[in-house]
Each structure stands twice: as structure tokens, then as C-alpha cells.
Amino acid sequence: MRRENLIRVSILGATGYSGGELLRLLLKDKGVKIQHLTSESSPGSSVDSVHPALRGMLTHRFESLNVPLIAKDSDLVFSCYPAGAGISPNARFVKAGVKVIDLSADFRLPSAQLYKKWYKLPHTAPALLKKAVYGLPEYFRSQIAEASLIANPGCYATAALLAALPLVNKGVIDPHSLIIDAKSGVSGAGKKLTLPYMFGEVDENFQAYAIASHRHQPEMEQIIRRVAKTSATVTFSPHLVPMNRGILSVLYATLKKPLSLRDIRSLYLRAYEGEPFVRILPEGELPQTKNVAYSNYCDIGITADPRTKRVIVLSAIDNLVKGAAGQAIQNMNICFHRPEREGLV
Amino acid sequence: MRRENLIRVSILGATGYSGGELLRLLLKDKGVKIQHLTSESSPGSSVDSVHPALRGMLTHRFESLNVPLIAKDSDLVFSCYPAGAGISPNARFVKAGVKVIDLSADFRLPSAQLYKKWYKLPHTAPALLKKAVYGLPEYFRSQIAEASLIANPGCYATAALLAALPLVNKGVIDPHSLIIDAKSGVSGAGKKLTLPYMFGEVDENFQAYAIASHRHQPEMEQIIRRVAKTSATVTFSPHLVPMNRGILSVLYATLKKPLSLRDIRSLYLRAYEGEPFVRILPEGELPQTKNVAYSNYCDIGITADPRTKRVIVLSAIDNLVKGAAGQAIQNMNICFHRPEREGLV
Amino acid sequence: MRRENLIRVSILGATGYSGGELLRLLLKDKGVKIQHLTSESSPGSSVDSVHPALRGMLTHRFESLNVPLIAKDSDLVFSCYPAGAGISPNARFVKAGVKVIDLSADFRLPSAQLYKKWYKLPHTAPALLKKAVYGLPEYFRSQIAEASLIANPGCYATAALLAALPLVNKGVIDPHSLIIDAKSGVSGAGKKLTLPYMFGEVDENFQAYAIASHRHQPEMEQIIRRVAKTSATVTFSPHLVPMNRGILSVLYATLKKPLSLRDIRSLYLRAYEGEPFVRILPEGELPQTKNVAYSNYCDIGITADPRTKRVIVLSAIDNLVKGAAGQAIQNMNICFHRPEREGLV
Amino acid sequence: MRRENLIRVSILGATGYSGGELLRLLLKDKGVKIQHLTSESSPGSSVDSVHPALRGMLTHRFESLNVPLIAKDSDLVFSCYPAGAGISPNARFVKAGVKVIDLSADFRLPSAQLYKKWYKLPHTAPALLKKAVYGLPEYFRSQIAEASLIANPGCYATAALLAALPLVNKGVIDPHSLIIDAKSGVSGAGKKLTLPYMFGEVDENFQAYAIASHRHQPEMEQIIRRVAKTSATVTFSPHLVPMNRGILSVLYATLKKPLSLRDIRSLYLRAYEGEPFVRILPEGELPQTKNVAYSNYCDIGITADPRTKRVIVLSAIDNLVKGAAGQAIQNMNICFHRPEREGLV
């Protein structure tokens, strides 16, 4: 690729785990040029000092946010700000014609009211909510290709939706029977300095949190409704696994009428035929988080409990890759008409 | 306590994790005298060589099984043999008037047919199945006190049943809506030398196994039927957590009619009032495995999802203590009319 | 034991890991009565809320420090304050005739100057430094029995000194050839809320810190000088292991003249003959931290490299037990003329 | 790169950790074509079934070793056989003009006698020992470029030698004062199915093994002698860290005459100037294994203890990358005159 064809990207809020993962992946990508990296907490400091694994691989320093400068220098910004902080700057980037892939939840929900309810924040750019495209390529690929603002899905939502949508779409399950019992490595919580994420609290421990009250629950429900055009309620239970990376999501749903495991499996095989990053496992195999670690794959395993008419679908992703930075790059590839696996395999 | 009042105990198959945990607990118990420790794989070897943490704490050597000798010297045997291996010797111990607490599954199911179906082994003492008492003190205390043969419950079954039985007993949930999504540390699998339990396979990995086909599923269903006198079907999904000890079990069930969280909670508070080893957590708190590690407690946290009429009950135990050796000692205490917390707190 | 013979103890700064470990151990000790638990950060809160594993085991609430009240009610205080905070109150307890076992470093070094140099704090009770006894029972047992103030040794120092002192004492090694390369679980750092101790930073990571500049280095040197009456310099390198508990210390030293492994071993066997908590491993065996986890044992393994005239001595302890709370209780037992293993095995 | 310019490679013994890591790296390398993958244990099985993370990325099946076929189809073979098994086939590949990079220890030591002493195996191709080049690019780059047989260094030896050689080369330390205290993640042991590598034995445990008797000790000594042209003795102590990947090696050596830290550091800066994969950390920083995980970097941190005239040099690598597969690819790049970072960054 000629130098003038490089995609010029900047990362907002690049000191956290998502920003670090984007850098890890983009540094291997010969079609991308990294322009600006912003940090509100440590402007001026070197990338090394925050991401020591990247020492010697790039010479950038973190900068304060300067929208006009970054807009001039970038074709695309990845926004990794915490909830709320990126709404206004991202609106300005969109206005300036810069593509935005927002890794936060700011543009995932369909209305300012719902956003306020779950994130306890006013939404300062409600008009953009309609314009934003939900960045799950397997379901919104053509819209992503045209989007100016992409809401990159939540990590739990990615794993759960890839498991749920083939079933709901085909109307084979009761959409109110959905239970998602998901387990995540600790990096999913970001680099927060709080007691529950200290090594001494997490190591050799397993716990649930935010049962039926996690912010990815309304995100899942909205997308199910949008895609499958049916109402749905999800009981979502997240858990914290003593490991760094990986989500295993287990979906339970009740079949409307009996279906063989073979039939359920072929439904998934068709739904994801040709998808570059979804792997339907052979019958009898179950996904493991280590098999998708550091990759953009989602592994899906399908089982059934005929006695109870339940289908049980397991999906595994790396929460920092398919659940964040990798999916963001997949979306970038779609936006810029590159092969979808570019920079990801 | 005078020396002649000591309970004389022997442990069959004492080289595994359950045997080691029994030794750890019994060595602190001044009311117990450890007599014989058997091992088919390493008779003659010192306890140190197998359980190096116990070095200097006892001078026993592992012996081959000698039923008459052990029967003469013991008031009680703890049987930690793998499935099938202890049926005949334990039948002989019972006949000889020695109390048996069997930590295997050999006497947990109600019939030889069911045992054969799930354990792929003929049951050589089917008559004893009727005599055996299921060693879950919270529900079978008075029978345990009189029993000659106690089937110590499975680790998953212990956690799941303590969560499920108050609901099923009171008839407030649909007994066919039960889903148990349980997560266990690796010691639950015993000291098996197989690839899936190598450090390299388990560390930084999370996976499910034996979905809707685990042997503790029929055990749970049988006990629910027996206690609640109602049929019930359970979808049981076990998982492997990259840690050594601990089970977190998450139960999902649909309420027959709406009940407030307060009402559900008081149902549990009454069910376990006065129980020495069940702790109902305050509203809003969820159990964590590390809070019950190395202890015989079961912590229970109760939540509800009113939108879906579901109740979600979480229970945490140490799989080697309340899920095996500790519960066995609790059963011994009941049999020998000692305070139930003796040797356990 | 009659109630009036109970040792009445209080714990200052009881919310941290050492305080929690003291509580875990003391709650099993029928000869001890827990009186007051102080916390400057969370007075008034329940023990449950800070140490949820102890729920239901005691009903105390954390209190602000009230020296006269605690002095009246206690025979002994365990002081778990961070460096500096306990100097003045402990001086007052000593004056009031209450025995003090200080788990901090405040009274371990021989002079206020040295304390200031390493801890960057003025020492407000320098006179007491002379009166304080270093609480390593294997070397100071008779002084501990008479002491009013016991400086409980540092965790690294305990492991290193138990390995080093037999060699230095007998003059068989060059006392300036000592290198201690020690590795500790994360609980050794206490409950500090800092980025380096977050799960995401420690998990799947191994690192050294404070090479040749850790505060336990002068502590080790002082005690070697005091016990062996020889000057000695130690190069001490601590490391952080991705686990919660345990220290493995590896000592390298050069023999003054050739000695067989057998001779070196017998030197250790004699040095620790009859010691209740030191286990010299058989030739060819090396200590592992898991074999001493949750126990007050120190396991010592001895090897030699005849080609280089080096002796290599490995010692393993649980940093929270023999390295803190367990050793404090061992010291309490000595002070109050109880069997030394009481409450510890 | 045009298709006809692809380097055609095959991997012998490709089912283990090194083979899997080679595949992970080579699959991203557009300049390489993977031809044959051999396995003696599972010929015929798919790569997926052994390395499930690679599902969908290649369609090869494991084959039995067929030297003529592989020689015809390959420019280079990576040999990942266990000690001894690859000697004869590799001799045949060399004879057939195929470059061999041997990841085993078979060609690392200079004589058949020494090989026999440490590996307890006869060496069936002693003449080739002289022809083999030790594949540490930082010291043998020009010979590697011409070699027909490259002995890829041991993981511990790589980390230790990169730390030791600048000091020994410049003659600033006593070459008999070298102590290497190294700590490795568990993957270093390979996929051996033995009790010490079970999760239950490694997790929350830390231990040393093979003190002063590990096979990488003579490897280190030989290379030090060869490079620095001085005799040297190393006391080498390996340890097992409860994590999967990474080695931290800590070197202790006594300076012949005093040198400032600045002088020592500049010695390293000069030694590794321009090296693509060695990063000398800024003064005051110490390497951590997680900063080199999944990368071919070796991070080196330098400290000194002027009181004892010791220099302490820490080096961190990923044992599967710079310690095995990555270094093998670096060697391949040198052999085939590709940029050295190709396929590695």
C-alpha cells in the first residue's frame, strides 16, 4: 500500500486497556498511520511510561485533546473515553467529516432517556443517537460501511448477541425466556483503581455482580428488538473470573417447539456462513476463552437439553479484541473498504 | 476430653484431595484419633510424601485396605475411594457396625439402575442404597444421627440444593424452571492426571463442561423430589474456574406468582434459622468464593428480576470443605452427638 | 480452660491483611478473648463489612483508638498499624503494663537514626528501641518470654534469617557473600490501593522490586550481627509472585572451606532440633510455598554447588502466618507461658 | 512479495507448545508458506484438534515424518522434537540441503560427551555438532546467516546470556562469581503430563527445582567461554512461577573493580546498540515479564549494590517467543536475508 493511502487514525483516551490494545493491533498494521494519542490524565508523558510493552515501537507522546488539529490530521478517531466524556468531542469530529468509532457506550442506546436511566448522565448530542450505527459487523455490515459514527458494541453484548440473534431472528425461541450468564476476565472493568479489582481480592476468587442490573442488559435487549423485530427480555448475570482476558457467555432459552440439535446447529451455520470471525464449533465441543485470546474470533458452541426444551449456546471472545479494539478495527476495515481480516489475523 | 472418649476414625483412599482435606481438618480436632489411612496406589509410603504440607504432623503410613483390622480399630470410616471402588468394603464396614461416611457418589442415588445409568458401573450393594442417608445436615439431620451409612453429598449438589430447596419446599417456583449455572475451582476434579487439568490448559482460561449431562444433575433432582415431594427438572451447567477451591452456584427459577425480594429473603432466613453453617447475606450483597475458602460455610445471596418474574439465588462453598471433607465432619459430629461446629471453626 | 484464665487481647489497625489473619487464627483459639479492634479509617463499621469471611464469627465493631480503655481491658495488644502510626500509642501501652506485639517495623531496628534512614520518619520513642525484643522465637525465645514490647519480624526477614543464621552462627560462610533472592505473594504488600497491585498488573506477570534497597535488608543485617556477633552484608532482592500468600527465599553464600552437604544439613538439624515450626526437608527435597500456606511452619531445603563452593538454602513460609500473624501468636504463647503450638496447629 | 519467493517451511513435532507458537507467528507472516507439520503421536489428526486456537486458519493435518518428501517441499525445517528424537532426521535434512533450525538442545553443546552427560543420550551425529551454529543473533549473527544447522538457544540460556555477556565480554566481572536466579512460567516445561505441572500443584505455589543441576547451566557456561574466551562457572537456579509465559532472570556478579552504574549501563547500551529485540530499560526501571509477553523482545534492567561490589542485571523474555519460536523466526530471517523484525512485530 502506498504511503498516501494509509488510513490516518487517532485515539482519544489512549491510556486505558482498550487504547493499549488498539495500539498493539494497529502497530502491526502496515495500512494505518497513528497520528495523535490523547490523554486527559497524563498529557505530555510518553507512551512507554503508560504502556511499557510498547517501548521502542512508537515515539508518540500523549496530548491533550485538540479537536481541530486531530480532525485535520485524521481520517478516523477511535474514542476510548469513559462514559459521557466523548459525546461532545465526537459530535465535533463527525461534523468535521472525520469518521468516529466510539468504544464507549455513549451511542449504543437508542434514546437520551434510556442513556440517562442507565448511565446517570445527560446525553448532550441526542440527535446523533439516530445517526450512530451499532458496530456489530455480522448484523450491521452495510450500515457500518456508510456510517460516520459507529457505536462499538459492549464486550458482554457482543458475546451474547452473536449467540442470541440466530435464535431470535428465526423465531424458534420464546424471546422472554432468555437468560445470559456471562463470565469475564478482569480487564473488562478497565484500569479502575478500586479495592474489588486488587489482586488480593480477585485472585482465587469467583463472584457475580450487577445481577439483572448491568448496563449491557438494555443494550442487548435493544439490539435484539431492532434485529429480530420482536420484544425480548433478557436476564443478564455478569461474573468476574480470576484471569485477565476473555468472556464466556452462556445463553439459556426455551424452544417454542422441539428442534433437533442438528437443526439448531444448521441455523447457526447458515447465520454465520462466510463470516470471517465467527467459528461454529463441531458438535460436542464447547468454547474456551483461551482459544480466542488475543484474537478477534468469537467461538460458538451449541448444546440442547431436550428434557427441558432448552437450547444452551456458549460463546467465547477476547473482551479486549472482539469485545473492543479488534471489533473497532474490523469496523474500520469495513468503513475503509479493506479486507475485513486486515490487521487482525 | 478423656482419651477413651476420642472418636477413632480411619480414611479409605486418603491420598487424594478429599483425603488430604480431611486430614488437615481432623489433625486440629482434639476429639478425634486418626487410626488407619489406606491407599491402593501407594501403600507403605509416608503421608509426607503425598501430602507434604502435613509433614511433622502425623507419623502414619498409608496401608492397603484391611477391613477386619480397620473395623476393629475404628468407630467411623471416611471413604474417599473413586466411584465403585468403595461399595463392597463399605458394605462390610456397615455390617461390622462401623459407621461409614462415603464421600463418593456410590450411595447418593436411590437405585442401582440410576447409578448404572450415570456412573456406568454395576452397583454391588443395592440393598444398602435404601439404608444410606443423604448427608446434607440442613435437611436430613435426624436421619444422619441414626444412620450407619451416610452418602456425603456432591460438591455441586451441596451448593445447588442449599439454594434451591427453600424455594421448592415452599412451592413458590415452577420446579421445571430450574437452571443451575455453577462454577468450580479445579480441585473439584480431584487429582486426575489428564491434559485438561494441566496448569497450561486451565490458567487464564474459562470453560464449561458436561452441560446438562453432569452426574450431579440427577443427584440434585432426586433430592429435590425427596425433600419437596414434587417432580423437578434441573438444567445444570458446570464450569471450570482458574483457581483451586470454591464453587459459586447461580440458580435461576421462575416464580409461580409475584413475590417481593423481602418475602423471598425471609423464606431463606426461616429455612436456615439456627443453622451453624449457612449464612444468608444482607440484601444487596452477593457471595464470593474467597469468603468461604477453607471454611464449612455456605454463603447465600438472593436477588430477583421482577421484569421476568425470576428469582436468582447465588450460593458459595469451598468444594473441599462444605462440598466434601467439612460436611463429612459435620455429619460425623451429628452421628457422635458432638456440637456441630466442633473441629470445623 | 476457665474463662478467667483467657488471655484478653486487642488488635490495633485490624482492617488490613495482618489484622484479618490474626482474627482468623485467634477465633479458633479457645484460650483467647478478643476485646477491642481499632480502625482509624472505618470506626463504627462491622467486622463483616471489612472481613466478610468472618461473618457470623464475631460481633465486634471497629473502634477508634482509646488507649486507657483498651489498656484496662487487655493483657496484650497486637499492633498492626502502618509504619510510624503505632509508636506513641504502643509506648503508652507498655507504660500501662500491657504487653505489646508490634507487627510493624517500628521497633525492629536498633536506633532512631537507622529507622529514620530507612522509613523516612522520626522515631518518637527511641528509648523503647533498646527495650524491644526481636520476636524471632528460634533465636530470642527467653527474651521474648520476659519482654514488654516485641518487634514481630518482617516477613522476608523471617524467611531469610531462619535460613542464614545457622551458617553465620557457625562461621562456616563468608558473611559478606550473602545474597538473598526472595519471592513473595502479593498480600505481603498489604491492602494498599495502588496500580502495581491491581489484578491486571500482577496476574501473569513476574517482577523484582527494590533491589538492594528494601527495608528488610538492614533488618536482616542487624539481626545477623546481633546473633552471630559478626558484621555481614546482604544483597537482598525481593520479587512479586502472581499469587496471594507465601514467600520463597533463596540464600546464596560462599563456604569458607569445603563442607559436605551432609555436614551442612546436620548443622541445620542441630540448630532447629525441637523447634515446633521449623521443618528441615529431607536431602533432595526443596520447599514449596503451598506446603506452608495457612500454617506457621518454615520449611527449609539445603543444597550445595561444590564447583563454586556455594551453599544454597531455600526457606518457605506463609508471609501472613510465620511472616506476621502466626509468629505474633507464637510470641504471645511464649509471653504467656502457653505451649508454643497452641492456637497454631 | 511474489508467491514464488515465499520461504517454504515445515515443522517437525508441531503438536507441542513451541510448535503451536511457531504456527501462531508464521500464520501472520505473508512471506512464509507452511508445508508439512509432523507428529509422531497424532499423525492424521487436524491441527484444530491439538491447537484449537488456530481453528479456521490452516487446513493442514499432522503427518508422520517423511524426510524425502519434506526435504523436497521445504527450504527450512523447524525441529521441535524432544531431546534426541531429531538428531538423525535433522542430519538427513542438512545433507539434503534443507536449512534446519533445531529448537531442542541436541546441537547446543560442543561435544557428544557433554551431551551424553547432561541428556543421558548418545549423540548419533557428533560431527554435526561442530557445524551447528548457536542461534543467538546478538552474538552469532554472521555465522547464523551462513549456517545449515542452527541450534536455537534454550529459553533460560537466552535470558541469562543476554544479561551476562556484555559483562563477561568486557572483563569487568569475576567470571566465577556468576549466579543466575531465574524464574519461568510453566509453558517452559512443555506439554508434559506429570503431577508437578497439574493446575492444583502449580497454582498459588512457588518453588525452585534443579538447583545447580539444570541442563541450561552447561549451555550458558559453554557460550560464555566461547564468546568471552574465558572460563566461567555459573550457579543456576530455576524456579516455577504460577503463570504460563515469561522468564525473569536475575544475574548477580562481583565487579573486579568499582564501576559506576552509569558506566555499567553504557556498556550494555553499546553492546546492544541497533539490536532490534533488546531493550535496555531507563535507569531505575526493572523488567517485568508481562511487558515482553507474546513478543520477541528481551528487556534488560541494570542495578548495582556498591556496598558489596555487585552488579545485578535483570532480563525478561517470553520463553515461547524470544526463548523459542520467535528467536527461531529471527534466525530464519537472518538465514534468508529478510529484515530481522519481519513476522515478529
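All chains are identified by letter, namely A, B, C and D, in their written order; residue positions are counted from 1 within each chain.
Quick note on the criterion: contacts are C-beta pairs under 8 Å (C-beta built on N, C-alpha and C of every residue); 3 or more make two chains touch, one makes a residue touch a chain.
Worth saying up front: this structure is predicted, and the values here are computed from it rather than measured.
Over half shared numbers or under half: where do the identical copies chain A and chain B land at their interface, same or different?
same
Measuring between mean CA coordinates, which chain is farthest from chain B?
The most distant chain relative to chain B turns out to be D.
Taking each chain's centre as the mean of its CA atoms, how far is chain B from chain D in angstrom?
47
Please tell me the distance, in whole Å, between the geometric centres of chain A and chain B computed from their C-alpha atoms.
Distance between chain centres: 40 Å.
Express in whole angstrom the distance between the two chain centres, defined as the mean CA positions of chain B and chain C.
36
Provide the list of chain A residues touching at least two other chains, using ranges where the numbers run on.
201, 203-204, 242-244, 288, 290, 293
Using the touch definition from the top, list the residues of chain C that touch chain B in their complex.
Listed in rising order, the residues of chain C that touch chain B are 27-28, 52-53, 55-57, 203-204, 279, 281, 285, 288, 290-295, 297, 299, 345.
Which chain A residues qualify as touching chain C in the complex?
Against chain C, chain A makes touches at 17, 186-187, 191, 193-195, 197-204, 242-244.
What part of chain A is in contact with chain B in the complex they form?
Residue list for chain A touching chain B: 176, 179, 181, 183, 185, 201, 203-209, 211-212, 233, 235, 237, 239, 241-246, 248, 250, 252, 286-290, 293, 303-305, 307-308, 310, 312, 314.
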